[in-house]
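Have a look at these structures, which come just after this line.
Below, chain A partners chain B and then partners chain C, in two separate complexes.
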Partner chain A sequence: MPDADDKKAILYNLILDAKRADAVALLDDAIEVDGFDGAISGLLDPVLRTIGERWSLDSISLAQAYVAGKVAEDMLVRLDSSTRSTPPAAHRGIAVLGNAEDDYHALGRRMVATFLRLGGWKVHDLGNDVLSKAFIDVALEEGASVIGVSAMMLTNARNILKIREELDARCLSGRIALAVGGAVFALRPGLVAEVGGDGTALSAVDAPALFDRLAAQKLLTASPMPR
Partner chain B sequence: MTSLERVLAALSGEAADRRALSLTLSLYGARLAGIAPHSYYRDPLLYLRGQEAAVARFDSDIVFAPFALALEGEAYGATLAWYDDAPPNVKRPLGSAREAVLVGPKGPAEAPGLAFIVESVRRLSSRFEGEKPVAAILTAPIDLPALVIGLDAWLDTLLFDKVLANELFDLGVAHFVAMSRACFAAGAAFVVSPVMLVNPKLLTRELIEGQALPTLARAFSAAGGPLVFHHGAIGIGSSLEFLRELPGVAGFVIDQRDDYASARAVLGPGRLILGGFSGPLMERCGPDTMRKLAKRALDAMGSDPAAILASTAADIPWDTPAETIDAVIGEVRRRGGEKG
Partner chain C sequence: MSDDPVLLIGCGIFAREFSLLDAALRRRFEASFLDSMLHMRPALLGEALAPILAEAGERPRVILYGDCCPAMAEFSAAPGACRTFCTNCVELALGGARYRRLRGEGAFFFMPEWLPRWEEVFERELGFLSIDRAAEFLRESASRLVYVDTGSPPPPEAELARLGERFGLPVLIERAEVAALEGALRKALAELDRRPLREGCPEPAP
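Presenting the complex of A and B:
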């Protein structure tokens, strides 16, 4: 009978070998024994963290990280169909996601959305080519604490600055954090500050930790609502 | 020596009057000629005018045909986004992999964007005949589906639907062979192909060895002329060991982060290497930094005759100050034939 560490190793290898159905079956077995919360926190989460760390170090491929995202998506579907509710850890916060104005590279954003949802975030995904006003209007309507913006190329990443300017102009920079990500940020670490970002993550798997941290910081520093 | 003679010398590993220099100025030509990208990347005459302006201003040893891979995606139904200061990009891919297969392979006769690429090659080759080699730039057969259906849908197909993936590989091969042969017939000296999905940072070893490499080999062996394998904006140092045996590849463009000496050790003497500094980063580097980067790259190349100093990754950005580009040219010319 495999112990907890054995199961993590098995799940990790199944994901790396792109054996999505087998990985999901293993998690289904864990849900039978430990319940959904237990299977996620005791098995899937630690494996995803390992995958995130190794992805950041380039020791696993984008394709393998993509499989991890698909397995996470499969678990969210399981949860939806069984309880018709948000994940058990939900209400860690509300986030608005989208690609920067003129950016159409959806893969990273979609993976971030999946990992955030699995991490207990309620996500409003606005898709590609989102204008700064739309990000902020939806964040206010939904009560989001973090706006997450993805951009692959430098030209488009610079459009994120418009979101920072709009947040400043509407006196919202103290209330809503701005998370940024995408390939160009890994190449140019100084770009986060240049576009007015509050932080970035090395990989999609690391996004929930970033969003948790940014939301906590905003809670500590929040100014009163503008009237 | 003319630029053509200089580049041919590097290709054959022979000495030249100075190190050949390749600056990717496909986009920058539009800026120099004052042409908006949405016109520039549609009209071969305007493209020629832009490249004439680039040659007149910078005199790079290689002239590039349009670096606008999205035009190849458009041929299969992807819609494009246009910018004032960048090449077009894919805005909305096709809905599904199956849909892409049903569209079938396209050549220049069936798609205006592909005809534009080939006609641009023809006009550039005619204009610079005997002076400068013209390089066509084509999407790798294994990457074409990512342009057509989006990277996530292509990854999904590669990982979870091998039958459909093979059909898309066949599409990519047919497209690449048709386009490369058309470009060579139009006068291209070689075809540069940026290749993404053969990199261990993106795909698993199993997919690279079982799918990507055999597909590349199939396409490259039928390309109809010499190819230059471009790193695709990711370091390829660790991949050269298995890439060096690909057929038809006359040279490799390596990333700024790749170590030149290691690349030479893997490829062996005589195989052409183009490398030096990232084109996209030039916008932010002043002349002094670029001079140092060029010097460092030239030092690394030493007296190796089979090397070309090159801007790598993507185009040199629209907003790059001309003096920054001049700094690189100045360093190459200052060293003249010393090559070391």
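Presenting the complex of A and C:
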């Protein structure tokens, strides 16, 4: 009988070998034993955190990250159709996600959306190449507490500064937090402050904790009413 | 600026197109090209470029790359350096407006230099192991495949048809003149001429 570490190693290798169905079957078995929350927090989360960290360091392939994201999506479907007694949807908060202006690298953003939903966030995913005004307009319409922006390359990441400038201009800084992420942030840690980000996460798995923290900080911050 | 040739350190994606440029322009450069597959490994690309650019000292040099690795900003800002103005090779070839329109429409691009090894790119470099898995990924993220025809060689019609069939996506051909590369290099040279020798170019030459 494999122990918890063995199961993590098996799941990790199944994902890296692109054996999505086998990975999901292993997680289904874990759900039977540990329940949904136990399988996610005890098995899927740690494995995907490792994969996310390795992806940010260029040491796993795009395909392996893609399969990891699909396995997480499969678990989200399980969650939606499960009889979980305490459905988490919208309990944590509302977030708006998108890729920065001119950025079309969707995979990381989709993984973040999946993990936020698994973590109990209601997510409005605006897709690729989103302008600063659209991020903020939707955040206001939906009552979002966090805007999450993904960018892969430095040039596109610098477009995030436009969102910060617009938040400032509309007196929304402090009311709506700005989370930033993508490969370039892992390699240039100073970039978060340069583009006006309130925080970043090393991998998609860590995004819910970041969004939770930013939403909590927002509650402690007084700010003027928006224009 | 002296009459010594300017160093050109570029991505191999443009090596063939460079060889087709006007001879007088080519003589302005001492050119070397790195394997375009480094695009798939941004950190490794930075590691490959760093010693080459360091060895150049303050000698005038044009970096024929897009925003392809995190250190590109520092490489461009070093004394004597100037980078071509583009986010990536496709934007340089097609121009910013056409590139953004096509990206917005869901295009996935193939440059001529990559086409003969598209199976290697997807199976090995991107790690999909099989084209069927790559096709699943691509159909989720793209609505069409776009071959950027730089005029050299002529579009390989049969291979493009096979590409479309394997991925289950339509294939379009977008004509891109080699003049785009020529223009980018001339702008970079003009920028080097304009600036004091010891000054780098924090942003790409506009």
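Note that the second predicted complex is superposed on the first by the 193 of 227 C-alpha atoms of A that agree within 3 Å, B and C clash if a C-alpha of one lies under 4 Å from a C-alpha of the other, contacts with A are read in each partner's own complex, and residues count from 1 in each chain.
Just so it is clear, a residue touches a chain if its C-beta (ideal position, glycine included) is under 8 Å from a C-beta of that chain, and two chains touch if they have at least 3 such contacts.
If you're wondering where the values come from, they're calculated on a predicted model, not measured in any experiment.
Participant: Where does A:S203 make contact in the superposed view: on chain B (first), on chain C (second), on both, or on neither?
Facilitator: After superposing on A, A:S203 lies clear of both chain B and chain C.
Participant: Under the stated touch criterion, which partner chain does A:S132 make contact with: chain B (first), chain C (second), both, or neither?
Facilitator: A:S132 sits against neither chain B nor chain C.
Participant: A:N159 contacts which: chain B (first), chain C (second), both, neither?
Facilitator: A:N159 sits against neither chain B nor chain C.
Participant: Could you tell me if A:A63 is touching chain B, chain C, both of them or neither one (first, second, both, neither)?
Facilitator: both
Participant: Can A:D102 be said to touch chain B (first), chain C (second), both, or neither?
Facilitator: Touch partners of A:D102: chain B and chain C.
Participant: With the touch criterion stated at the top, can you tell me which chain A residues are shared between the chain B interface and the chain C interface?
Facilitator: Residues 18, 58, 61-64, 66, 102, 104, 106-107, 128-129, 153-155, 188, which sit in both footprints.
Participant: Report the residues of chain A in contact with chain B in the complex, numbered from low to high.
Facilitator: Residues in contact with chain B: 16, 18, 20, 58, 61-64, 66-67, 70, 102, 104-107, 110, 128-129, 153-155, 188.
Participant: In their complex, what parts of chain B are in touch with chain A?
Facilitator: Spelled out, the residues of chain B in touch with chain A are 81, 83, 85-86, 89-92, 150-152, 155-156, 158-160, 200-204, 207, 280, 283-284, 317.
Participant: Enumerate the contact residues on chain A facing chain C in the complex.
Facilitator: Against chain C, the touching part of chain A is residues 18, 57-58, 60-64, 66, 102, 104, 106-107, 128-129, 153-156, 183-184, 187-188.
Participant: Could you pull out which chain C residues touch chain A in their complex?
Facilitator: Per the stated touch rule, the residues are 41-44, 66-68, 70, 72-73, 87, 100, 103-104, 125-129, 133-134, 137, 141.
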